[in-house]
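Each of the two complexes below includes chain A, the first together with chain B, the second together with chain C.
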Partner chain A sequence: MQFSNLNLDYFSILPEIITAVAGVLLMLIDAFAKKGGRKIGPIFSIVSLVATGVAIVALWPRANSTSFAGMIVNDHLRLYFALVVVVCSIIATLMASQFLDDEALPPGEFYALMMFATTGMLMMASAGDLVMVFLGLETSSIATYVMAGYRRTDLRANESSLKYFLLGSFSAAFLLYGMALTYGATGTTNIEAIRQVLMAGKVIYPQMLLVGGAMMLVGFGFKIATAPFHLWTPDVYEGAPTLVTAILATGPKVAVFASFLRVFAEGFGAPNAPDVGGQLHDNWIQALAIMAAIGMTFGNIVALAQRNMKRMLAYSSIAHGGYTLIGFLTTEYAPVGFYMLTYALMSLGAFAIVQMLARQGDAKTEISDYAGIGFEVPNLSFALALFMLGMAGIPPTAGFMGKFYVFKSAWASSPNLRWLVIIAIVNSIISVYYYLYPIVVMFFRPQAEGFIKPRLTAMAQVALDITIIGTLYFGLFPNSALRILQQKAPAAQQIAIQK
Partner chain B sequence: MVPLSWYLALSAALFTIGVAGVLVQRNVISIFMCIELMLNSVNLTLIAFSRFLNQSTGQLFVFIVMAVAAAEAAVGLAIIISVFRNRETLSVDEESLLKL
Partner chain C sequence: MDLYLLTILLFLPLLAAASMWGHSLAWLSRVPLERIREHYRWIALGFAVAEFLLSLLLLIKFDSTTTEPQFVINIPWIEGLGARYHLGVDGISLWLVVLTTFLVPIAILVTWRVNNNVRAYFTSLFLAQVGIIGVFVALDMLLFYLFWEMSIIPMAFLIGVWGAEREHRVHATVKFLIFTVVGSLFMLVAIIGVYYYSGANTFDLIDITRVLAEARAAGKTLIPESWAIWFWLAFALGFFVKIPMWPLHAWLPETYVQAPTSGSILMAGVMAKMGAYGLIRFNLPLFPELSMKLAPYVMALAVTGLIYGALVAIVQNDLKRLVAYSSLSHLGYVVLGIFAFTSQSMQGALFQMVNHGISTGALFVCVGLITQRRQTREISEFGGMATQMPGYSTAFMIIAFSSLGLPLLNGFIGEILILIGTFSSTVPYAKVFAVIGAAGVVLASIYILWKMQRVLFGAVTKEENKELEDLTRRERLALIPMVTLAIVLGVTPMVFLSATDRSVNYVRSIVVQQSTK
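And now, the complex of A and B:
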């Protein structure tokens, strides 16, 4: 291949470059600066993340292009998901100062790890090749393994980190084997080229492609924590420091969904392909439908029995993964993208409050610890009530709009998905019970002894405000996000056919 | 020449041994070694395909997998050390503070 064919367009990976360089600089600052110099860590991270967001927006006019020999795809799927990832990272970074202060942990590496994780997530969103998908996934995973165990002396954090690491690499190996078999079966690792091979019916080893697709489904299923591959989720979410749980439940999930869409909805999205291509398409649609149904039902029913806030939110995130998969089954990215945005905002907000109320070492995370605090700390309790109502899908919150849009798209897209929508609606009704429970405890129970009002730093307050405003804004004006998602969808498909 | 299917059978066997090891072993280090075995069996698959398709893509993929596996090993061993410092054991049966 000639160098001119490589198309080394560095501007197209500017977001990834900014976060990676910022991560390295943060480590250097931490190593060389005096005590006072370390205070700039959070500010520096926020500035670089905002710069990353600006870089993503600046790439918008150049949408629907590829660079680095097809390794990077710069389409609207990438831009939208990258923007959501950056918003998640900004909110998490704002919350981090409070967490690191409360726990008296060394701040430097945390911000650096956060930037490296963000780099990996952005790479996942922009990947146009299986190699890039794997690289992005591992970059973000390795950084988050460390973050899960950041409270080094805490046994629970240790255990959470170890479990996350072992099961994360185990699932990555499955994903990788799936990629290897897909490469062998089609003779290419480029996702767009794979689709063309499928459409042309030129698959070299048909059986191998089916096995490869199944293994990749397992790998992705693990990473998005959907049933039946969710077993690590509750343990890891409970044991990790609450802030890290917030990060694990949002950013990486959004990014993995972007890659998942790219590989399955685009690469394997060949419904009318001859022979094995069409068979693969039918198979993964069926498998995902079953995964979505199990995920929603299992997540919601087990969440009913939880008395620990973090575990409850972990099971709720499994259920939300199920709802998102319904949007996925329409093979368009708009429902998934919008649902992930609303879920990320509410989830970050809810975890932020859990973290503020938890005290040092996450001591107070049982729901009973929240008894009667409703009017003691009205700013936190009303916000938590808002997020709980949002996750239950009650208007006028973003959660309602997210669910509504996913269900509506799935209902309209295919009659085969209607049974799933009905299961999802029944599940949403069940879920209201456990989302309302913390609200009842907060406002209608006598106050628990020994409650100390949490002290909010300015940055944490800003993070909380962003999530509250976002939850209400996208509930009242969903079109602002949907316009971006919908009008671009046809253009993205056009370019795929052109190539 | 050795046919492609032999390489694939060998790497599938190694991958299966790795999966079985992860499920059966009780020592964290052994589990970790089994995961490395899984990754390396994938490398074998990639190399075999690369050779038989007359392409370099698979070999490049292997380099990236090796780099990632090295980074993962560094982080993984660090996590294992910090667990060992706090607990003085490496058996996963003892890792049971968090229950389903």
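And now, the complex of A and C:
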């Protein structure tokens, strides 16, 4: 590789630069501002996140370019996922100030950690190289490990944080080892170059590639919490403060899916490659199909038995991971990207409401605690009902469109996927029951004693409004999001751009 | 105007629902609480009546000489999916739309005294109306599905929050939700399947019907037979649950009984027709061959339900439950008529759909009024109402006669058309089914006459019944239009039949042509 070819285009990583600098500044604000930046922290974070969003939009005209010697890929996949990540972070940050006040937690480093996590997620979306994928993943993971244990005095939060850290590191090791083996087998860490090696049939150690691919699959499987690598999810989601759970379940998952798509659908997406390349493709498709089927079925069936809202949402997120994998198997970007967007909006909204209703220390997160609150706090209960219906896939919510688009694409893409679609539909039917349960409890049961109306700050209200409007908007007019992803040229055409 | 008429009709209830939350309006904030409720009631009624008057424009401007959908608006909706915002009305849906807009003001009038969460109540009612009208006017499969599901959730709220008894209504709501949502998910699979195999990359029902018909004319089958049967069944499952057809009716008695009167009216009056309408719109034109082949089985289910509903209705002690089962029985005739595939039977089925909306709706109103006064639905608690409430009893009697099919009332025309049509049908065993169907009429007269005898006639046996007041002005306002329509449609059915004639025969010709090949 020649240095003249490095293409050090700093503009192309402007979004990452903004969030990273903002994170550093937030730590300074924490140290020097009065009251630890309880007021200025969230405002500064929001402003920088909006600036990040603007930077991403400004990159639009340069779509389909690479920089930093192929480390950064700036295509519609990156732009779209980066936008989704930023929106997730904005919503989470808006909710954070109420959370920190309610829990009487120090505010400063939370916003800084949020920004660093966002930086990592953005890096994952733009990574064109296995090394970048790993860097992004670790940057965001380390920040979220700390956030999971943010309620220091709470044993459950400590357990959650430690569990998340141990299993997260474990899976990262898998991923890294897989990357190393892949590098050994192909002689490169650049995803596009790996693809070319596979297509040309020039793999140096075929067996090593297969092992490497499998290990990376395990690593990614951990991060997106799909069965059978989901075991950490319920405990971590339940123990972490609800807002952090909201963040864990959305932003990082969205970003990991971006990398996952890049590495597997693009790098290893060589169905007609000679010998080992084609074999690898068939293998990961098969493995993912099984993972999708297990994930959906397991997540939904266990969720049926849950009586705790956070655990229920944790298992439901495993099931949603399964649905997304069906979209993944089409190796198109649009179904995955759109599903992730709809899922993120609804999850953030649902967790936000759980957070507000939970009171200090997550005391009230059993579904039975919600009995009869329907008309007491209509703004929260109707919104939660909307998100539940959305997750169950009932129109006119975004959840319906997401599911519908995944099923439709999978049905059309290959006859082998049809059985998965049928399993998914059966799963949707099962899931209707437990998603409707909170609605029934909220509206149709007599009111539980000792219910105190939660307060709702203006910022949290804005966050809630964004999720509600988004859920309805993408349920009725998904075209705006779909169009971005459908512009993404198939991987095969990318080679020409690379050169 | 014609272009936007359906859109306005569709979104006016949405506006009505939104207006319920306009509490920041200055003149409302100064009104005391009890009066505010009154204001919202009037606003709701105003919107509902406006909607009805607007829908009359459809009747006036409708051109009954064509089978093409009218008042069509057809613009892209989701380009990435090939879904379009395609609305239109033809002879099949015309009367169902008007029936919906007709029943909503009546539902508001008879539940005027709902006192808890008035605004949420009217919001649910209007949102349900949007869904129901949407189902009847949507000509795009995805749009149809969207409205179909949209009608379910508000209805569940109506039952669960404003239903009869707290212990039972939650159970009824859950049952209703699970049955209907599961049914419609099957329908979704079929929609995706038809979309895929038609290969037209569109969800537009008219386009897909045409593509499939052209392929059939060219001797090709686009949807492989192994899949077609499953798609047919998946559609039918969604629709059968909604009608409901025996044996998928398990949700019906409890739900109808627990729902508030407005909910029962809408569910029995129009939501049940969504199912029958779906059969005519999807199953018949998309799978003509299969529909013909499966017709005897469907008819067998229909007559089973028809007899079963009537028999169970006879032994009911609960007045509302009796009406619920009679509704199950009546809808058996509708499905019987549709699948006999003769011009008369299908016309009769469509006519019966509207009749049933009026007569069962009115029966639920009558039952609702009397339960409101006595807080009980037990038939044995009543007796001798004719002397206490003469106005009420007259209306009740006319409606009951219309429901059992007395000549000169609307029910007669529908049933006789269906039975004659079925008898002359070429579907195997049709004659047997027609005879059994005729037996159902006898059973209907048993349960209806017996019920009337026990409720209306005889001596007043209970003390509580001696002080019942007759219809109030508001209640009269609700019942008189329904009674009038029952008589008008019974005397001059041609007004109705001429509008539906061509569209019905068009669908019929698709099925029959295919099977004679």
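Throughout what follows, the second predicted complex is superposed on the first by the 482 of 499 C-alpha atoms of A that agree within 3 Å, B and C clash if a C-alpha of one lies under 4 Å from a C-alpha of the other, contacts with A are read in each partner's own complex, and residues count from 1 in each chain.
In this section, a contact is a pair of C-beta atoms (placed from the backbone, for glycine too) under 8 Å apart; a residue touches a chain by one contact, two chains touch by 3 or more.
As the structure is a prediction and not an experimental result, all values here were calculated from the model.
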| item | value |
| --- | --- |
| Partner chain(s) touched by A:103 [first = chain B, second = chain C, both, neither] | neither |
| Touched partner set for A:181, first chain B, second chain C, both or neither | first |
| First, second, both or neither for A:465, with chain B first and chain C second | neither |
| Contacts of A:478 with chain B and chain C, given as first, second, both or neither | second |
| Contacts of A:389 with chain B and chain C, given as first, second, both or neither | second |
| Partner chain in contact with A:366 - chain B first, chain C second, else both or neither | neither |
| Chain B versus chain C as contact partner of A:378, first or second or both or neither | second |
| Contact residues of chain A, present in both the chain B and the chain C interface | none |
| Residue ranges of chain A touching chain B (in the complex, touch as defined) | 130-131, 134-135, 138, 142, 145-146, 149, 152-153, 155-156, 158-163, 165-166, 169-170, 173, 176-177, 179-181, 183-184, 187-189, 204, 231, 234-235, 238-239 |
| In the complex, chain C residues that touch chain A | 77-81, 116-117, 120, 142, 145-146, 149-150, 152-153, 157, 160-161, 166, 169-170, 173-174, 177-178, 181-182, 185-186, 188-189, 192-193, 195-196 |
| Of chain A, residues touching chain C in the complex | 334, 374-375, 378, 389, 392-396, 400-401, 404-405, 407-408, 411-412, 421-422, 425, 428-429, 432-433, 436, 440, 443-446, 477-479, 482-483, 486 |
| Complex contact set, residues of chain B against chain A | 8, 15, 18, 22, 28, 31-32, 35, 38-39, 41-42, 45-46, 48-49, 53, 55, 57-58, 60-61, 64-65, 68, 71-72, 75-76, 78-80, 82-83, 86-87, 95, 97-100 |
